[in-house]
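After this come two complexes, each holding subunit A, first together with subunit B and then together with subunit C.
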Partner chain A sequence: MRTAIGLAAVLAMLAFSTGCWDRKELNDLALVTAAAFDRGAGDSVRVTVQFFIPKTAVTGGGGGGGGGQEQQTATRYEEGENIADALARLQMKVPRKIFWGQCKVFIFSQELARSGIQNHFDLLIRSPQFREHAYMFVSEGQAAAVLDTYPPLERSSASVIRDLTQLDIGIKVTVGELSRQFKSDSHVQMIPMVRILPLGKGKRAIPYESGTAVLKNGRMTGTMSEGVTRGVMWVLNQIREYVVTFENEEGPSRGRVSLRPVKASTKVTPRMVNGSWQVDIFVRTQGDITQNETLENPINPEVLARLEKSFSDEIGERIKQSLREVQRNQKADVVSFAEAFHRKYPKQWEKAKDDWEKIFPEIKVNVRVAARINRPGLVNVPGGVPYDQVNKE
Partner chain B sequence: MVRYRMRGSAKTEPQPEPVPLSAELARNEQWIRSVCSSCSDVVYRPFKIGGRTSALLIFVDGLADDRGIEDFVIAPLMREDALEAIGLQEMLRQKVEASDASELETLDECVVRLMDGYPILLCEGELNALALGLAKWEMRAVEEPAGESAVRGPREGFTETLRINTSQIRRIIRSPKLKMDSVRIGGYTRTHVVVAYIQGVADAAIVEEVKSRLSRIQADGILESVYIEEFIEDNPYSPFPQLLDTERPDVVCASLLEGRVAILTEGSPFALVAPITFSSLMQAAEDYYQRYIFSTFIRWLRYFFLMISLLLPSLYVAVLTFHQEMVPSSLLFSMASSREDVPFPALVEAILMEVSFEALREAGLRLPKQIGSAVSIVGALVVGESAVQAGLVSAPMVIVVALTGIASCMIPRYVASNSIRMLRFPMIFLAGTLGLLGIMMGIIALVLHLSSLRSIGLPYMASLATPRVGEWKDVLIRAPWWSMTKRPRLTGTFDQRRLAPGQKPSKNRG
Partner chain C sequence: MSNNDKMTGVQLACVMYSTVLGTGFITLPTTSYQYARNGLWLTMFPGILTALISMGCAVKLSRMYPGLSPVAYIKRILGRIPGFLVGLLLFLFCLQAAGVTVRQYGDFVTGSFMNRTPLTFVIASIALLAGIAVRCGAGVIARSAALLTPIFVLPLLLLVLLYPHLEFRYLFPPLERGIVPVLKGSLTPQAWMSEVYLISFFLPRLASGVKIGRWAVASIAAIVASMFYVNLFSILLLGPDTGSKLVTILIAFRYINVADFFENMEAFLLAMWVVGNFVKLAVFYYAASMSCSELFRLRDYRLIVFPVGILILIFSIWDLPSFAIVAEQNLLVAPFWVPTMMAVLPGLLVIAASIQWRRRSLQSRPNG
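Now for the complex of A and B:
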């Protein structure tokens, strides 16, 4: 009993003497939703932070002004020698403690990315206050401008880009993923790019994801268009749900056919043939018809075989085009061939890894596609066409 | 905590040498009158047997059957004339029309029986007195148990009268194997306490243990079964009940059939059942009276809400003050918005709300019924609506408290839900000071405590902690009756099989 009382007393003292050292009340926090990094004056870096404003979200009272939504976010910026320094200065301007636990978007400006982000990135991966699962972006213009948009549909511009990224249309790169890319054999990083999409008149605008920034050792060297990015995603086996539209080139009735959702799995096999570096890419893909502009009846097996041929040709062509761009123009191994060779031919890789930048553009790539159309959709024959016009064979 | 030492209460009624009855009626009367001086409810009714021998009938007014005394004792005896022929003894045996008439030899015995309500018959020249089984007093009718109602199942509840309660049990278990040992506890109240068990089913060691613990009790009065519970439980400092209290005869009988021991107390409609495990507290009588699939579902729900009842406010406080990054963004943003105007830290807010909820609950319970409803209306309005509007508490906190309140009502045993409700407060403090770490520490401490707890020697977490699948048939699920072939394994060896195996019905069995 005596020990119990003593223990209780100690526990009580412990509870009250600490002052709850880690405690941070929600009212005393400035919830950061996104952060943008631009180049400041001289050698400095400018950090712009988007906060969530808790007051405006209160839906009390009813009625309301009616005229226009209130902004739920605000931005503040500060310059410093590096990000940590800028953030320390920024805290002096913000009456609440800046809280990074909910910040899921980091944007670097293209200008900053071209001069290198490796030194800035260190903070994001080292400091425990940042989320490792936050998404990384490179903005086309000023990164701060992306945060200064106030979308009509979403709470903040940060959630717009985050939600768009999560649709898996383009690539998505988190802080943790980028850290792995920095350690990769190819020394090449990809970060999706954001642009600002003006929504007609007024100041409403939303950021959206478009294309990809290619970085070598943390220094941005070029951009890839959306099309090239998707081609790369086919090779990287990152295609999740996707719409493919292709021209039906064979058979009597020309026209476009769209498939959705297209799923794919890709196998990359590196080969060394007589000292030359080769890669076999085998894509297995399938999809359902969503739109059929031809007069063909896809329930007919012969027609279906023709459509599948066109489908696989289309995919193969896209991949080849993207690889051509990546190998010839970018000269950046965004498709991670380096890793594949390293795994399969470690000895040769060890000798060749310093020359990889020269080897990569010369790699011969063989693309093979096995495409399948699973379902013709709700109707067999083309909708909106009388039966007698449907191509019958 | 103050160390409590019992003072004086162990002192029992002084017991001098028993005084034998005298042949002189007047002396006996004088002795009893002196012992029962100032007892205005003791009635002395002198009369003459057969018009010659003087006799005295003493009884406590209100405890004896007046009509029965007149009709079956006094009237036949006064009419008697063959006294000399057969002698007083034989005459009394023949003529007194009472179901029970025991002979007493000492005056002390006479007083004891008198106080139990038995009318005492004293005769001139007799060295024995008769205690007549004509005790009768006003008692409450058998009603539906208020604390443990069931939609399906028997509606009978125990009353304050011990004999009614034992008869209710005997009516369910009609076997001479059902034993009911009687003990008297309490120096002044001399309360009847009955230990009921089924011979051959209950472990004899447990029965002995219960009896020996009961015999240790030295108190001047036992007013409720809780008095006994606190004297015989294994860990007096635990917030958890180590004996089950129930006002349902069917629950007691089910426990007896499982090999447990029941303790019934005169004056209390609550029987105690021991030994129990933690899972016993999570079983309601109705679990066994409705379809087992639904009962299993309800049980899972109960365990889930047990956790909510214990942890929800503390989890809310911990996440809001320490782990804001754990909440999904949009949820955190709306919580931040609703908390924006609240002047208190989450910890204070939670304590404030939980304390006022407890106060409301207690006030509603204790007040006269007519005012009770007013209290609940005011409470709901003030605490729920105005506090949020005034910005004193946030709306999510009200939801959390309301949900917790409902959750605590999901625990079928009122006493158990009390202990969980109380443990909520240290949990909130731990959450407010150490976050999830503190909650985890609290849970670990709680589990350690529960594991070390015993109920009449049986480990409290027995059925949950042992990896014996058979034991879980009545813990995590409620297995169908035909599959519960064995009694729960308590201590010792005994008749384990409770029903014949292979009784699963199917359409092929016709």
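Now for the complex of A and C:
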């Protein structure tokens, strides 16, 4: 009798364990690879979503050739009062459940960013379906247009822009990182800008990262060029592997020298001198020569010293130029000086934090660069000239 | 069931660990951050004091009244009617605390993962499981704690994968606004840590010869170390953003991403945390059932296990109308109410009992 009851109980449990409220299966899902947010009609927001088409992923490549490649992504858009509302409406047009677990790219149009993204961003960080790892971008024109490009090499434009970002050439900002920037002392956010690079005719084009959007409290106020962005990255200690080309200012033989890979580490030290706010930036950087257009032989210690001097001047100048731009024109503390002062001078910071926007442009910055050239590469004297033309001291 | 098994020290240490941290990991970092800010990593240390008091009282009382569970010795110390009232209070406390525990677990599961599963179902299913464990007896709870605690702790090791994302600058400036915010932030953790007193429901079943003091200290040390680790990671990862997260460890797990392949780890976290919460709930549930049965002198506490479970469900849903109330309770009520029941009350009991013992020994000496 007991066995019978036990068996019945087990069977009853089995009946319950088959179905579950939160069950999701792959062929019930529409995998989103990227989402773009534009301004809609009136006060509304237009959400464009790029879906991955799984069918072509399985059979793709085989026949190829004649008919041209099939698109592996499709886009749909919908307008709504806010993003959540637009997504709810979008679901009415998509037969499968929209799934965000693989969405790694969010793009705001510049127009939308200029009117403020705080209200939109809340959804991305609050709702558990979105990932903190997804990258954030601001598009120069329509954000939807970025998703409507079909790259020749990668499966989707979303994966192009993601892979380009991961090369660490420009800044990369994830949803999680942006969330921290919103809570930072400087109240300034940076989001990389994305543009479309047309490739020949038709829709063959790829998005690429170019420059940076500067936002104050979620409202876009300006853009930084690639050069300025990189200067800021030097200060933020985000330079990873990088090519630096500089003019041989010091030597007798003019020409350009390129270094690769250039590595750097930067130390930012805030100082209060008689009530004035100052920042010392000390950059240690090093690289190998990868191209030498001058007639100099870098094996010569004196020549090397001159090259290092030119290298360090170049870096110092780039940093100073970028700081001039962000301090005078942007008036936006993208270099996190606020945080540095807060850490070192908490009391003075407490008093000054409401006036930070006025203080920041006035901060005196001293830049010092210790630059080293590690190796000359595979050859010593310039590669394209006979020995007797090489500059001799 | 092998209900007369004696418990070992390891088992009790595991029971204590999961009892404190089952919901502690979910609730404490974010609650403490409201006050302590970047001093979050210090907030667990003042709790050591409360934990030692609670633990010391539990051990002391179990030595004075060997084999008796709390409500039984409360009745003996305080007399029939006051003893009944205080015992009733303890019973209600356990019911309410079990309700809060299961509610926090339920909110965590439904809020972060299973958005479409009804809260009641999540709560009722783990309560049913805990109820079965409680019916099987203290030995089963202790053994499952020993078995499940390692699984419960395992996800913490995964946090190491976050190393590239950590920013040590978030720790500075340390103690920016003095020590007071840190002390305020430590109020809730110390309340959670005082729950080690619940071990007194298990002490009567301890195998003889076990050096319980050592295991107790080891367990408290493990609790403090785990919380230190978790809070430190939260602050190093999220910095000023920590305060905006409801469950910081969940967010930390969402950040884990190794080579774009090893990611979406939070489902794993849920699976691991279910077991910790199961142990915590079972402990409170057992304490409530035992209190009730001692209170009304039932022959067998097992008769009322499922009715008590229904009361716990009632407390978990009707007592807590919204998640905002749960958060407010954690911040404002629990820091005072829980240690009152779990540290102050046992302390008073120890004092009262010692006075009684001294008086009794004085009385008995002249008579020989």
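We adopt the following convention: the second predicted complex is superposed on the first by the 370 of 393 C-alpha atoms of A that agree within 3 Å, B and C clash if a C-alpha of one lies under 4 Å from a C-alpha of the other, contacts with A are read in each partner's own complex, and residues count from 1 in each chain.
Throughout what follows, a residue touches a chain if its C-beta (ideal position, glycine included) is under 8 Å from a C-beta of that chain, and two chains touch if they have at least 3 such contacts.
Since we're looking at a predicted model, the values are computed, not measured.
In the superposition on chain A, contact of A:133 is made with subunit C only, not with subunit B.
Of the two partner chains placed around the shared chain by superposition, subunit C is the only one that A:344 touches, whereas subunit B remains out of contact. Once the two complexes are laid over each other on the shared chain, residue contacts for A:241 go to neither subunit B nor subunit C. Between subunit B and subunit C, it is B that contacts the larger number of residues in subunit A.
By the touch criterion defined above, A:155 lies against subunit B but remains apart from subunit C after alignment on the C-alpha atoms of chain A. Of the two partner chains placed around the shared chain by superposition, neither subunit B nor subunit C is touched by A:302.
When the two structures are aligned on the shared chain, A:101 is found in touch with subunit B and with subunit C.
When both complexes are overlaid on chain A, the residue A:1 reaches subunit B alone and has no touch with subunit C. Overlap of the subunit B and subunit C interfaces on subunit A comprises residues 20, 22, 101, 131.
Those residues of subunit C whose C-beta lies close enough to touch subunit A in the complex are 111-118, 121, 169, 172-173, 176, 238-241, 243-244, 251, 254-255, 257, 263-264. By the touch criterion stated above, subunit A contacts subunit B in their complex at residues 1, 4-5, 8, 14-16, 18, 20, 22-27, 29, 31, 33, 52, 54-58, 99, 101-102, 104, 131, 155, 159. Residues of subunit A that touch subunit C in their complex: 20-22, 101, 128, 131-133, 176, 179-180, 182-185, 339, 342-344, 346.
Residues 1, 3, 237, 320-322, 324-325, 329-330, 332-340, 342, 345-346, 429-430, 432-435 of subunit B are the ones that touch subunit A when the two sit in their complex.
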